[in-house]
Every structure is written in structure tokens, then in C-alpha cells.
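Each in C-alpha cells, the structures are laid out below.
One chain, chain A, appears in both complexes that follow, with chain B as partner in the first and chain C in the second.
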Partner chain A sequence: MTRAVRTPTALDDVDPQRRVRNAALTLVALGLGIVALWALQSVGSTKLTQALALFAIWGVATVSLNLVNGTLGILSLGHHGFMLIGGYTTGLLILSEEARGRIESSARSTMTDETLAISVANLLRGLGLDGLTTPETLWVRFLIAIFLGGLVAAVAGLIVGFPSLRLRGDYLAIVTFGFGEIIRLSASTRVFAPLTNGALGFPGIESEFGKSVWWTFGFLAFTVFVVSKLKYSSYGRAMQGIREDEVAAEAMGVNVAYHKILGFVISAFFAGIAGGLWVSWLGGVRLDFFLFQLTFFFLVAISVGGTGSITGVLLGTALVVFVRQYGDPLEETYALRTWAMAGGVLLLVASAALLGFRTLRRLRPRVTPAVLAVAALALVVLLVAAANPAFLDGSFRGFGMRAIFLSVLLIVIMIFRPEGMLGRAEFSWAGLLRERRSEPTDEERRQDAWLSNPALNADADHARVDAAPDAADAGDARTDREGGR
Partner chain B sequence: MSATNLRPSSRSRRWLPWLVLALLAALVVARMLYLGSVGERFNAAFFTRAAIDSVKLGSLYALIALGYTMVYGIIRLINFAHGEVFMVGAFTTYFLFTITPYGPMAAVALAAVLAFGVTRLVGFFRASPRDPVVLASGGVAFVALAWALTLGTWPFWAALLGSMLATGVLGITIDRVAYVPLRTAPRNSLLITAIAVSFLLQNVGLLAFTNRQTPFRPDTPLLTPIALEVGGNPVPTNALLFAIPLVTAVLVVILDAFVRRTRLGKAMRASAQDAETAQMMGVSVDKVIATTFLLGSMLAAAGGAMWGLNFGSLNQPAILGILPGIKAFAAAVIGGIGSLPGAVIGAMVIGFSENFVTALFPRTPDFAGITEFKDTFAFVLLIVVLLVRPSGIVGEDLSEKV
Partner chain C sequence: MAMLEVEHLRKSFGGLTATNDVSFRVDEGEIVSIIGPNGAGKSTIFNLITGVYRPDAGDIRFEGRSIVGKKPNEIVDLGIARTFQNLRLFMYLSVLENVLVSQHHKMRSTWLSAVLRTPAYRRQERAARELASEKLAFFGPRLMSFRLNQPVLVLSYANRRRTEMARAMATGAKLLLLDEPSAGMNPKETAEITQIIRRMRDEGGYTIVLVEHKMNLVGEISDRVVVLDYGQKIAEGDYHTVVNDPKVVEAYLGKKAETDEGAGAGPRETRT
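Showing the complex of A and B:
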């Protein structure tokens, strides 16, 4: 895809009437969303509230990771490291006095009196703001702690980004992964153990903020606001230019290094905020809360939703959080026969889906060996399950099925729709209502006529061939309209 | 040596690495002498032991790193799942020497997999996959292996070979299912898929193998202790001291001969230089890539089996492959990715940095030692090498590609 795709911007809707209508629709939707959130968290179970809060927290992380992976086009795999930094900073800063006392009296603790004294409350006392150290103003301290956590993570992002952003492509990915792991592995060493309490971490962090729908969604809204403003600013356009072609962007006068670092640091800042919320949601800080699998889940969310699209990423996050929070039936113990049956049906569905995909894309031959092999395997499994042999007596616990599901999902998405559900398109009212963005101008009409006239343009046939796949594919057609080509 | 580089290079400043090496050696000797003068404990035996551990670990990393470097040399993919292939190899070995003999169903299924691996190996020397020799060898292997699997407990060497075959087939399968559909996709998509495959294998391992640390103590003469004495002090060790480097050396020599002498090896080198042109010259690049995965995974499986022997136990599947995998990748980059000797050299560098360097800065009353940082060395080295000399120690010049 080398054809130029005009970046959709908020100013694309030039029709003033439509702009008013879209603004009104947005306000109504926001209002409805708030009401729905209120209804859900007052009526729904604790589990639902927690899932909603987790969605918002991971949303902060995925939207910020997407700024690097999608907008800047750099595959960064060290997000969990920045979240760890933000999480530990926030955790240390808002740890309650009694939790500090427990750590102090613990024989295995590696924290010193100086590091135990680091807290927002002490900072505020030092500034003479004793009014803000009461239990009622905990939220102020929480906000300050989260913000400081983000800042520390941003500084780490600067330190990591400065050397590594000179690299390109998969080397950069591996170096960000390396930095993420270095952060995690060195957090428990004696250099940082006085700050992190080694492998013990600190339990007992206030979870009323991380588990509150309002706080987390507030942070999510803030993140989405900042990242989308950035995306549609000149900075964002420069970043997208770097994504499309780094050399060309540089030739056009974009300061590549500056924009890469900028994107990376902002992304790290929000990762730090997500880390702070995450430890608050968990109610404690430990090293194994920040494994690489966290970044993997974010990667799944981004890739499934649509790399580069904020709405798509939120959609993907919703899916991942749903699987994580409500996928536990997958991990229970069932009879082996049930597993075999489910596996057979799944393989049959996969075979049919493959066939459907090839039919939809008009690929020939429609029935490939892969389709037949999967179908045959499905039949064998189903027949074996139906024959009910002795070795299927017994049961099996589906330990880790959620992770398996998510990784298979990621592989399937990468093979069949690497751009994700929404691609790079954002949600828009015009897109939802299936409106044409704007009538073509006379100049565009003249260009179209010229391009499609074989007498004038030797490449006309070529142009038509280029346009054909889009017409054939409903999903792409929609993306194109939203992309406003 | 350059003939075994998957990608030939034009080298300038050949003396530079040797100079660096000589300086490093001088520093190391000075440090050892200093330590020897400071503490009674830091005698020759102490450093010999560290060197032995380093060589063993380096050999193990080399077996994994070769898979990374071959795959990267040809399709420019950092095969993130290679560490998990190593994990599967280790556990397959474990299940072959512990719970054999198998029941008839399991024996037939596994024998089919192994026989498929045999057909691919024999297929190296034959043009067509439907060649009668290939089919016959596959049939014979199938019958013989199915029979052998029901016969009795397998010795360690048989488990090692069986695990290599099975893991090689796993490598081919991963390539066919996950990577072949993405041949023309952007490299980031390929890398994300590799990460997904790695994650999938970790969790399937947890599900299918075990979820806890597993003792790995086969009944083999390789574990007999050797009485080694250096400067009057005993160095506790066993036959693995020779076995692990020997296995690595033998496998590397076979691989080297394969890459240099066989038709498919030539095709492999051609594909590494320019896959498109090689394809036009009649090389079946897909077959070459499948072969690369087969060989790389077999080496990783051997590494996994020896890893288990060396440490006496296997970590749980979700974490066993990650660190060795990423360190071996670092080794491949340090040595010069795409180069076979480079992978071995880089692996030795990592092995020595982990054990020998730790021994050079040991725990003393006024210094707590650097053991707790040793897992980060590989990452630091990786990052430094990528930033300073992306082509690695012996590799081609990658500066405009990185």
C-alpha cells in the first residue's frame, strides 16, 4: 500500500451544520456513557466494576503504547518496564503509615529509614501544606503520586529512548524489550532494593482509586484527550510521517530524532500513570505484577483493535480485559470428552472460517490443503470423542487457556487482518452514519476523469486494478471512506 | 571461517577485535592476580571452576544462538519463539526418558511425528519429498520408532535424538502455520506473530507438561563425577565438562559441513545473500526456510536436553525458555547475526560474562558481589553492541539496516 492516504483530521468535517450535529451527538454520547457507567457501577457486581476499572487502566496503557507502536510506527516492547517504574513510584509515595510501620518492623525488609520516609505526605508537610495530609485529602496525595510516577517513568523513557531510538525496526523492538527486562530484573537488586523492598514489594496500597470507575475513567479520558490532540497536531502528523517513511519525513524537514523521543517520552509518562493506577487496582506492588505478559496483552489489544487507531485500541482493550476478567470458565476442570468435543467443534469452525475468508477475498483455489487438513483433523477429533474411548475418561484443567486464546487470536489477526479491526481509521459520526465526507471538488473530478481515461493516461488500466480490491472488500471500503481518501 | 558465514562480509580492521581481546585478557589476568593476593579463597581452582561453568553455559547458549542466527540470516526475523522451542526440546527429552514406554496410541502418534522429522532429514539429500528413498526411510523409521517407544525406558542419548527430531518438526510446523502466511508482510507483523507464538508455546507448555520445577536426572554416565585438581585444590565437576562442549562442537561441525557441502546448504547460503535472486535461480526458498527451522530447532532441543543435565532440573515451562532464549539472541547479535561462528563466539562471550566476570568480582566482606546483576549482563551487552558495532564481532556491516 504505497498510495497516499490523507490523514483524517478533526477538521475534515467542513460542513458547519454537520459539525454542530457531530458535536451534539458527541455530547449526548458522552452523557449517555456517564449515565451508563453510573448505572453499571451502582447496579452491577463488584466484579463488573473491577472489570470496568481495569479496562480504563489498561486503556491508558494501550493508548499510550499505541502512540509509539501505531502513530510513530516503532515496535516498543518495554511498556511493562515503564509501568513498573510508575507503579513503584506511586506505591512508595502513597503507602500508608501503618503499611510503612509493618515494612519497618519486618526482618526481611530491605528498605531503609530514609526511603521509608519518602511520601507525598512528608513532601507536603515539608512544604508547609499540612492541610493536605489529612485522611480526607488522600485523593490530592494520590493525584500527586500518580503524576510523579508518570514523570519518573517519562524520565526513564528519555534515558531509554535516547540511545535506543537510533536503531530501526526489529532491533529497536528487541532493545526496548531488553530495557524493559533490565528494569524488571534490576528492581530487586541491592541498588534499587531500598526503594522497592526487593522481592517483597509493598502490600497495602489504597485501592479505592484504582478500583473506582470514576477515577480510572477520568484518567482514561485525560489520556485519550492528550493523545488524540497530539495525534492531530503538527507533532502527530510528523510522527505519522516518520511511520510511513522515515527518510522521506527527514527530507521534508521533520526532526526525526526529536519526534521519536517526544513520542516515546509521552508514551512512557502515560505508562507510568497506568502503572500507578494498576498497583492501586491490585492493592499492592510486587515484581511479578509487571511481567512481559503485560506488554503482550497490550500488544494483543492494539493489534486486534487496529494499530494506530485510538478507538480501535480501546475496542481491543475491552476484548482483552473481557477475556481476562470473564474468561475463567475456560480455565476450569472439565471432562476430557468435553475438551475433545470443544476442540473438534473449534477446528470445524476454523476450517469453515478459512473457507469463508477465501471466498470473501475471492482467493483461488477456494479449498486449499489447509482447509481440508483442518476439517479432517476436526472430524477425527469429533469421531474419537464420539466413540468415547477409555483414554478420554478423566478430566483436565484448562490452566492458562485465556492466554492461549489471546495468543492464538493475535496470530490469526496477524495472518488474516494485520491492520486490526479498525485499521488506522478512527470512529467518527460520519463513518457511523455512512455519510460521504465531502463532495469531490471540480479539480478532483477532473483528475478522476483523467486517471480513468485510457486515451489520456497510459496507466489507466493499472489505476483501475489498483482500485479494484477496495471495491471488493467491504471492510476496506469503509476504512477508505473514513480515511477520506 | 568466512565460508561458513551465511552472509559473506567485506572486513576492514580485522585486527581490532584481537586487540580488544588481548586488552581484555590482560585486564582479566591482572584482576585474577590481584584477587589471589587479597583472599585465600580466590585461588586457581576458584577461577577454573568459573571457567568450566562459563564454557558449559556458553556451549549451551551457542546451540540456541545458532537457530536465531540462521533464521535471521535468511528471513530477517527475530524468532522470539526460539526460546520456547528450546523449552519444548528440554521437556520432550524429559518425557522420553522418564515415562517411556508409551501406550500404543501415544507411541504411534509420536512415532509419526518423529518419522516425519526423519523424512525431512533424509529429504536434504533428495530432490523430491516423494522420493522413494525418503518415503521408505520414513516408513522404516515409523515402524522402528513406534516399536521402540513401546519397548521400554529410553536411555538419555535416545531421548536426546528423539527430542531433537520432535522439536525439529515443531519448528517446521511453527514456520508453516505462523510465518509462511506472513512472508510478504511488514517485519513488525512478523515479529508480533513470533511473540504470540512464543507466548502460545509457554502456555501450552504449562498446560501440557507441568507447572512446576521439574527434576531432570536421567540415568547416564555423563553425570559421573570427575576428580579434577588445580593447584592442589579440588574442583568438583562431572563428565558434562567434556560432554556439553563436545556435543556442541559435533553438532556445529555437522551443521557447518551441511551448510558448506550439501546442495541445500548452498541454497541456504544463497538465500541468505539474496532470497529473491536465489528463488529466480531455482532455489526453493520455502524449503530452505523450513530446513533452517528444522536444523535450528534440533540444535535448540539438544541445548534443552543438555541444559537439563547441566542444572539438574527444569524451570516451569512459562519461564524456562525466556531468559536462555533472549540471552542466546544477544549472543547471536554480539557475535554478528547471520554468522555461524559468530553465534558460537557470542555465546561464549555471554557464558563468560555470566560466570567468569561474576567470579572476577566476587563477594568479599566489603563488597557484595555482582551475582544478582548477572541476568542483566546479556541485555547490557546486547544494547551496547547494537549501538556501537551493530555488525557484531565477525558479522557483516549492518549499519544501514539497523
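Showing the complex of A and C:
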């Protein structure tokens, strides 16, 4: 131990002085973040601004999805359904008068006069707040609409939450998937078509919020605030208890049903918010904006980043959004020879990465047949490509290559780091400044010494001999290793 | 006054009657041990009392009121907490967090106040942490300092048992059901846990029912011992009466009870 570190107690795991410093650092970092965001969106291209906004919108979705998937430990596959509800609600509520007029005059529209009259503007007019129905106050109406969208989605979350009380694991995952699809498919049925305009949807949603980094990052900050405060509160601990062992949580007084439903409702609320931002980003509402693929992207993001960590989830989201927004070169048409070359290089990188991984983990032997085989395959592919044989003459369009790329990334992460890139580690200043304690202090070693000191503990040797694989009596034998963590 | 009354309790799994017409009572401030050979139905009784299983017949009364049919978490609210024979800790949560989860049911603030960290919420959180260290302190300093923030996953088996006992104590229960608290502990640690259980009663004010196979532990701290065999109660009384009861000796050693060295003739230590 080089640095004097305080022994943590149950009361405060962070030293009060450090807490002040951390708060100051956080403020500075937030300030820098805002400046950076401002610089990026004023200097950068529209494409970059759009990508940043999309990151924030999907961040709202992934962080909220992870409240159920990561904190509560329930695999939920219906997030796109909640987003759809939020998106359609927001869309309907803020649709402009011109857009309503166009829908009304369209012959194929399935909306009625009553449903076309549903809007925040009419609601405010009804309340006598005409001042809030001007074009300048659109943002107020957008805020109201997106909040209501979240609420409607939360009600759906309440309904979807109920099966989670009876079903476990895979069965529940299938049910949530089913609910997501039911929501999507029923939106175009006769019952809901007057509200959703059937297959046509609503074109012409205002984009000024969904494409603004300020609005989207504002909502992301709000989401991260609520979800992280919840996760690291007594309620979040209870939810994690349910994830770890439902029977034990119940036996320790946790009301399992209440906390599961609570998780689903809050998660669905933020999914609804994300849906509202998403339709604004897209500039319209249509059924095919809410395919299961959306949930798939979110799942990749949270699994790659780490389901145990909100920071990790955001990192994963950034990666997925980057691939989605900047991955178009992957989907273009190239000569087969180019594809072969790229494949060869990729394989070469893979074998090098495998070697690096084994070195890092100190696995022996370092060079396994797998490493050699992948490298050999890479060389063969590269040589063939270089020889330029006739069968490589055509060209190939990498249609869907982005999704394939993300899927492969997911598989690789699941094999080599199943807990995700960040695992359970959350970003913290103490972590960044390497103040985390990994070793007990000398004092603590002394406190612990009675366990390994034969004079104090006559049975220590006996226990070491006895340390059978069934772990009975293994307490002392394992103490040294345990202390080293 | 009787704290816990179990009357004519019966539970079958298919054709197997795991608990067959068992009655006993536990008074406030007592330490009562339930012993019996493997598969005698000891853990099943705990599962019935804590609401994990529903009895087929019979009644369980806690402080005079029947608790049959209540959910496990409602039974904790009433004041009964347990540990598990095969340890059911929250593996990826830290020692401290484990002992905090079991206090969550006492939380009076809503989730919204928790998100907003209102003064009332902070006060309760602080009180919970104080109580957690108070309960962990029963086991000496070993769980108190650097182990506090370690995931339970890295703890030794004995420390996991201790954490689980602290977790049960922190629920605020008056009655603790301990299922083999010394399993996986060496003789020195067993002697220590024996004293700790006694202190849990004397200083902590808990009433304790324990299931145990280690007879020296049972003999040292039990006010009364209930012996089960094949789901039935075959004897009850103080330790010496019970271990010398021919029925008990027969249950443990079989019909042809071999005579051996005097007092040790009673139940032998067995292990699951």
C-alpha cells in the first residue's frame, strides 16, 4: 500500500473530502461536455449532429431497457413495442394542422374527425391556455406530448409486467417478445387504425427536437439521472436481489411482485420517451420504424457494453450508433476481390487478437491450433485474392452488412467477455484516478491473522488438509486468496 | 407467552410425507434445536413456517396469529427470518449490500423519494447502514472493513454463512430460523459460532430455532431439543433427556443400537 487509504465503513464508502472533490470534477466534466457538444454541433456536419442525437435517443432506450434486463435480471424483448406506443402518442399529439389537413383530405386515411382532433394544442385551447398554442411555444406542446407518450407506454409496461410474476427466464422472454409484436401488429388493426392512421402513419412530425443535441441529451441526462439514482438506492438493491436469487429476496422481505412491476413500468415510461424522440428524429411515424430489429440493436448495445453498468450500456450504444450511422460503406457494392482481401485482413486481425487475448490472460500454450488455423486461413484467402482468379471477377453488394457486423461483434464479446466491456464497473473518479482499493491494509491483514495463525487457531492446518472440493471446512484455507482480491 | 406454535403440521410431496403431524412451541427468548437424521424433514418445517411451502394440514401461529397462507415476505414483515441450508446469498452484491437488501422491507420512503434522495430517505439509508454494521459486528471485525465492499462471491464458505446470519438478523425479525449455521465450519469456528448464537439471544434479543447436526453445538446452547424422524416428532425435552431416549438412539443408529462409549452413544454428527 503506497497511499494511505481509509478503511471503508458501512456508513460512508467515500471519504467526505473526496466526495467534494468528485462533485467538483463532475461539474467540470459536465461543463466541458456541454462545450464539446456545442463545438461539435456548430462545427461538425449535419450527419455528425444527427449521429449524436441518435446516440442520445437510443441511450434513453438502452438505459431504460437495461433497468429490466440488467438490474432486474429479466430478459425483456418487447422494448420496441413500448417505443411504438410513445412514438405514436407523441406523433398524434403534436401533429401540425397542415399535416392533419392532408390526412383528412387523403382518401386512404383511416382516421376520423374525432381522432384528428386529438392534440395537445386542442387540449390547451380547451383549458383556455391559448398563449401556448402559438408556433413559438411548440416546445411546450412537445414536452407535454412526449410526457403523455411515456405515461401511456408505462401503462402498457404495467400490463406486460404481470406475466413476469408467474413466468421465468426463457418463457418470460418469449412472452415479452410476443407483447412487443402484439403492440406493433394491433396498431394497424381496425380498432386502432383511427388513432394510428393504419399503415400510412403520420408523415411530417417536427424534427427540431429529435435532431437537436440539446433536447436529446437533456432527455438522456434525465433518464440516466433517474435510472442510476434508482439503481443505486434501496429499491435498486432490492431489484438486484431479485436478479441474484428471487427466493432469497422474498425470504428477506422483498416484495418481489411490486419491484418487478415497478421496474417494468419505469422502463416502459422511458421507452415511451425514447419513442417520442425517435419519431421526431425520423420526422414521421410509421409501423416499420418500430421493428424488433430496434430491440435487437439495443440488446447488442447493452450486452457489448455490460449489463451491470450504466456507463457500459452507454458505451455499447455509442458503438452501435456509430456502426449504424457510419457503416454505409459496409453496405456498398465492391469487387469480390476487395471483399476477399478485407475478409483475409479481418481473419489476420482475429488471429492476432486471439493471440493477444491468450497472452493477456496468461493462457498456455499461447499459440493454439485455433490461432494457427485462423492465421493460415487468412493467408490462404489473401493469397487467393492476390492471385486474382477468374471466380473473383464479379462484384457483391454488402446488403445488411452492418447488422451482420454487429451480430459478429456480439458473438465475439459473448465468447471472450460475457459480462460485457465494462462488466459491473461503473465509471467513477476514484476508478479513473486509481484510488480503488484492491488490497487489504496491513492493519486488516493483522485483524485477519487469527484465521491463519496456528497459535491462535489450532485447527488451521487441519482445515487446510481437509479443504475438500465440497468446500466444507475450507474457510481458513481460502482466506489468503480471498484477501488478495 | 408462546412466540411460535406449530400444531399438527403435515406436508407431503407426492407419496412422501415429509412432515407428519408435528407440533411444538417456542417461547420468547428460547433457543430450540431441531435435530434428526438426514431427510427427517427439518428443513421442510422451516420452509413451512416461512411460507415457501403451504402446509397440507395443521396450523402455525406466530404471536397468537395464524400465518398459514401468507407470502414469505409478509412473514418477514411479521418478524420471522431465516437462513438457508445451502446458502442463498446475493452472490454479486457486496456483503454490505446483502445486509441492506434484507432491510429494504422496512423502507418507508417511496421509490420517487429514493430517486430524489430526500432527507427522509437519507435518514433511513443511514439507519440501515448503521444497523448493518451492528449486525455484522456480531461476527467480529472480519466482515467489517475491506470485506464490506467485496462481492459475497469471493468470501470463504464460513464467511458466507456469517453474512447470511447477519442478513437475517438485519430484517428486524424477532424469531430467527437458522438452518445448519455451522455447516462447513471447522471445530474452532463451530465453537465460535456457538457463542455467537448465544450472544444473538442474550444481546440481540432474538428467539432462535436452529437445525443442526453438530451435537456439541446443540448440547451447549439449546434450551430444548425437538427430534424428528421420518417427518414425525419422536422426542422433545432438554438435551440430555433427549439423546438418551431409546427412540432417538434407535433413529440415529438403527435397530441394533450398538453399545459404545457411554455418553457419546447419542446422535452422531452427520453432514449433508
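Worth a mention:
By our rule, the second predicted complex is superposed on the first by the 409 of 485 C-alpha atoms of A that agree within 3 Å, B and C clash if a C-alpha of one lies under 4 Å from a C-alpha of the other, contacts with A are read in each partner's own complex, and residues count from 1 in each chain.
In this text, a residue touches a chain if its C-beta (ideal position, glycine included) is under 8 Å from a C-beta of that chain, and two chains touch if they have at least 3 such contacts.
Note that the structure is a prediction, hence the values are computed from the model and not measured.
Within the superposed three-chain model, A:179 lies in touch with chain B and out of touch with chain C [touch as defined at top]. In the superposition on chain A, A:112 makes contact with neither chain B nor chain C.
Once chain A of one complex is fitted onto chain A of the other, the partner contacts of A:411 are limited to chain B, with no touch recorded for chain C.
Interface of chain A with chain B (complex): residues 73, 75, 77, 163-164, 166-171, 173-175, 177-179, 181-182, 185-186, 188-190, 292-293, 296, 299-300, 303, 391, 398-401, 403-404, 406-408, 410-411, 414-415, 418.
The part of chain C that touches chain A in the complex is made up of residues 50, 52, 71-73, 76-77, 81-82, 84, 88-93, 96-97, 100-107, 111, 114-117, 121, 124-126, 128-130, 132-133, 136, 141-142, 144-146, 148-150, 154-159, 167-168, 171, 183-189, 271. Touching chain C in their complex are the following residues of chain A: 7-11, 13, 226, 229-230, 233-235, 237-238, 240-241, 244-245, 247-256, 262, 266, 308, 424, 437, 440-441, 444, 447-448, 451, 457-459, 462-463, 466, 471-476, 478-479, 482-483, 485. For chain B in complex with chain A, the touching residues are 76-78, 103, 105, 177-178, 181-182, 185-189, 191-193, 195-197, 199-200, 202-204, 206-207, 211, 318, 322, 326, 329-330, 333, 368, 372-373, 375-376, 379-380, 382-383, 386-387, 390, 401-402.
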